[in-house]
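Multiple structures follow.
Each of the next two complexes has subunit A plus one more chain, namely subunit B in the first and subunit C in the second.
Here is the complex of A and B:
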């Protein structure tokens, strides 16, 4: 009997190893190891050529937090997080309510229409919007010609004051469809009779949304918030395509900062320090989120 | 019967001789392969630059059947990354693209390049001027040679100048005057690609050169002086005077160099400060797709009271340097590549500024003007952002744009550049 049990557990272990082994090995080699490697490099002044022999301790980190563009980058990332949570996700939810539930002619058209930007590659979206914002022949300049007495050249991306907001508009436009589709999927799981019951009890449409629909799609909202926040910390391609963090580093985000000050200057030790900071920000958010928000819903 | 051993002996001797001779021939004529890394224009399968390089390599192979040349064409950004890796792995290509400056110095310091000083002295210096060759030298030793050596000059649209009724500026004051007149005539006086930043750095560097000359740069670079010396701060002030006239197109802060070139190619902007490649890029970015025949050049204007000479030139070009394991045939090929015939084809195909003295003869238009400037130059400065290490070059480009957009004062610009250089050293 004992023997059979042992044999069974050995078999089980073998199966586990077989199933998760390859993924585990790949994940360790390409994700876990580089994190530790990066952490190690971040303690050196290293230019990518030659041996790692200039140990500087935490100097890279001290320099990092004293660097103006890095602080701009953090503020910009937080701005994306905040704006996304405040404006993008509610708008996506609103659209989902409008076109995701009732079957009316054209619903599919609207859905595809709002989802379309998400299908575009980030770089292509950035390049298209560079044309839209182009001060010489772009949309805003043409519009000013229609409204005002004569055309004024409007350079949203050229002005450090407005450039980041201009880029946020693109981020808003680009990802709203994605969140909308998530919510539409969630809304299909809301039991119709629950809503009907609420209406019979005399709830107004807003009350139905607040007390019935939102609690019912809580899990979907959590996923959407999670993806939005992590995505906001890693936003790169669009910002890169639209201005590489410029002008004057005003649109720098953490990842463009890493590219500009680590990679472009061949300062790989310093760049690793930036990467480690991004890693920790995401990690801390993830742990807190899992613990307080996802954990809450389970209990 | 007796003759048999003798015959055997004789046969052995003869055969050995033949074998030895055969062996010797093998040593001399052993097949060689030259690895040649070139830049492509990114046009894919039918990249005109790569096609021409293949043709030239093929001709050399015909003359030297035992030498095979393997070309690896790379786009410039790919090239910059990959060359670092292979050099670091101690297997540099035999012949590869270089702009000189810091990157080459670093390779030379780590003994990754072949010292070809004797070949430069014996052969190449007869074809090419020493000033041009010096860009590919470090600590008195030569590691390669340029094939295209140009200058940054003011490219201007002759028609717009005529229309606005302004003469070609000789001094900085003339330039400011011209900018005002051209603006009044309804054109963009100067095209600027601020997003790429290096077009802005040209202005600051040229002003510093006109104000401080070679001496200011040498002392600041060497450490006895500093980039916060009066010449560099004054350069920032004069640059601000220009910016105050509003000379650039709207939104220049986020415009790319390609957009800058497009404004020139479309005849919207009157001037740009740019290298020898300007007309071809302007043509490619023009909405019409055609070039302008009336683009001409003048040297960067002189500055009143400046120590620099109007003949001092900032520029750079393209060249090839030799990897440490390169066979001798690489040098023969380099010599062939720099010969008059090949140079003339490169002029026609790519608009290079020839380094071969014989090929430079008989040229006309802007190419001749630029060649003339380089010949007259007593101080030839490689672009700062190439001459310095990446970190300093980036800081320099950054500071130039911050100055341009008004974020930095001239003092802050100079201090930022100085700090980056100090920190590196």
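Here is the complex of A and C:
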């Protein structure tokens, strides 16, 4: 009897290993280990080859925060966070209200057009917008010819003052559809009778939105904000395609900085320190968000 | 009175519809620009970058689709890398999902949480040590290296989705299989596989879009141009023909077709698939 039991559990263990083992191994090798290795490397001055013996402690981090382009990168990432929350998500919500409720003619078609940029390859999106922003013949330059007395070359991406805002327009365009779809899905769960009751009580459309709709889709809004912030800390492709962090490091973000100053210069220790900063920003946001925002709504 | 009300709602609807129409046009305009530009000559695109091609020329397209063009090689690489990633993720994540949902064992929740922890690690955080890891395994410069790394980063969300889905299968069905002398394998073949189409397509779509559009990873891993995927190719192509915007637009126009056709032919599933992780999570 005891033998059968052991045999059974050995068989079960084998089955568990067979089913979960491969995914576990792949995930551990290429995701978990690199993350912890990165944390370790960040404490060394290391070129990626040879022994890890130049321990520098937190010196990499001190150097980072003393480097002007790195500070620009952090400010730019925070800009993406702020602009997304202020402009992108409210606009996405507006579109969701516009086409996602009642019977809006052609809702499916509109939805697919608004969402398409999200599916588009980021690099391709960036290159298309470089064409649109082209200083010699781009959209704004043409527009200046129509409005003003003569064409003036407008170089949004060439000017460090305007370049990052121009890139944000592309980020706005690229991801708005995703958030719109989340809101549309959330709107399906708004109780119709609650809304009707508010209308009968004489509430204006804005009051209905503020007092009925927004509270009912609170969870959706929280997920949308969460994904938007985490995504904002990790933007790379679009920024890369539109200027690789330039001109003059004015459009550097954390990940382009990691590439330009870590990978390109074989500064693996230094680059890993950048990665750790990104990780901590996401983690701190995650923890605070779960604790204060998500936690608040549950109580 | 009723007339007035009726008039107002019709007017409201017309206004809303117009707003939707105008914004849809603005949203889609950049794509339109690509297809207009692809049929222009170099002179035309510089003189009139946003207008309708007059006359339209097929020269650029012919050149890009020509036999000697690098486009075909890139398309092949993209298909191999994306296909490989989807296959690995489906097999591994589905198996893990079955293990984590249908077998009772000690530490099951802990293993599940271990996978879910991966949702906290964006690719960018691990990318440098990941390169070293690939080097140790002799995978730098190979398409397999890109596939393995991409698949590994898709594991957490996929395991999460599969486990959640398989948990919903009633235990009675599995018990019935056991009584009939079947093993978990029988259960897998006769219950899980037939009902898994929606969840398999959700995961496939998620992984497809991520992998097809992935830029940073192949940029770091691949060195030989013969291995370049479409996103790398577009980036390289626009550097080479810095002055020939008609060629760049032509290249993009062709490169967009696979994902564009995929998207517009199954847009309902694609949209649901790409947002399902967030909506359910």
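We take it that the second predicted complex is superposed on the first by the 269 of 299 C-alpha atoms of A that agree within 3 Å, B and C clash if a C-alpha of one lies under 4 Å from a C-alpha of the other, contacts with A are read in each partner's own complex, and residues count from 1 in each chain.
To be clear about the criterion, a residue touches a chain if its C-beta (ideal position, glycine included) is under 8 Å from a C-beta of that chain, and two chains touch if they have at least 3 such contacts.
Note that the coordinates shown come from a computational prediction; the quantities given were computed from them, not determined experimentally.
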item: Touched partner set for A:26, first subunit B, second subunit C, both or neither; value: second
item: Subunit B versus subunit C as contact partner of A:158, first or second or both or neither; value: first
item: Which of subunit B and subunit C A:246 touches, first, second, both or neither; value: first
item: First, second, both or neither for A:234, with subunit B first and subunit C second; value: second
item: Partner chain(s) touched by A:265 [first = subunit B, second = subunit C, both, neither]; value: first
item: First (subunit B), second (subunit C), both or neither touched by A:136; value: both
item: Superposition-derived comparison: subunit B or subunit C, residues of subunit A touched; value: C
item: Footprint overlap on subunit A, comparing subunit B with subunit C; value: 48, 134, 136
item: Contact set on subunit C toward subunit A in their complex; value: 16-17, 19-20, 23-24, 27-28, 30-31, 33-34, 37, 46-47, 49-50, 88, 91-93, 95-96, 98-100, 103, 105, 111, 114-115, 117-118, 120-133, 148-149, 151-153, 155-156, 159, 184, 209, 212-213, 215-216, 220, 230-231, 234-235, 238, 245, 248-249, 252, 255-256, 259-260, 263-264, 267-268, 270-271, 274-275, 278-279, 281
item: In the complex with subunit C, residue positions of subunit A that touch it; value: 12, 15-16, 18-20, 22-24, 26-27, 29-35, 37-38, 41, 48, 95, 98-99, 104-106, 108-125, 127-132, 134, 136-139, 142, 173, 177-178, 181-182, 185, 220, 223-224, 227, 230, 233-234, 236-237, 240-241, 254-255, 258-259, 262-263, 268, 271-272, 275-276, 278-279, 282-283, 286
item: Of subunit A, residues touching subunit B in the complex; value: 48-50, 134-136, 153-155, 157-160, 163, 242-244, 246-249, 260-261, 264-267
item: Residue ranges of subunit B in contact with subunit A within the complex; value: 84, 87-88, 106, 110, 194-195, 197, 249-255, 263, 268, 389-391, 394, 398, 401-402, 405, 407
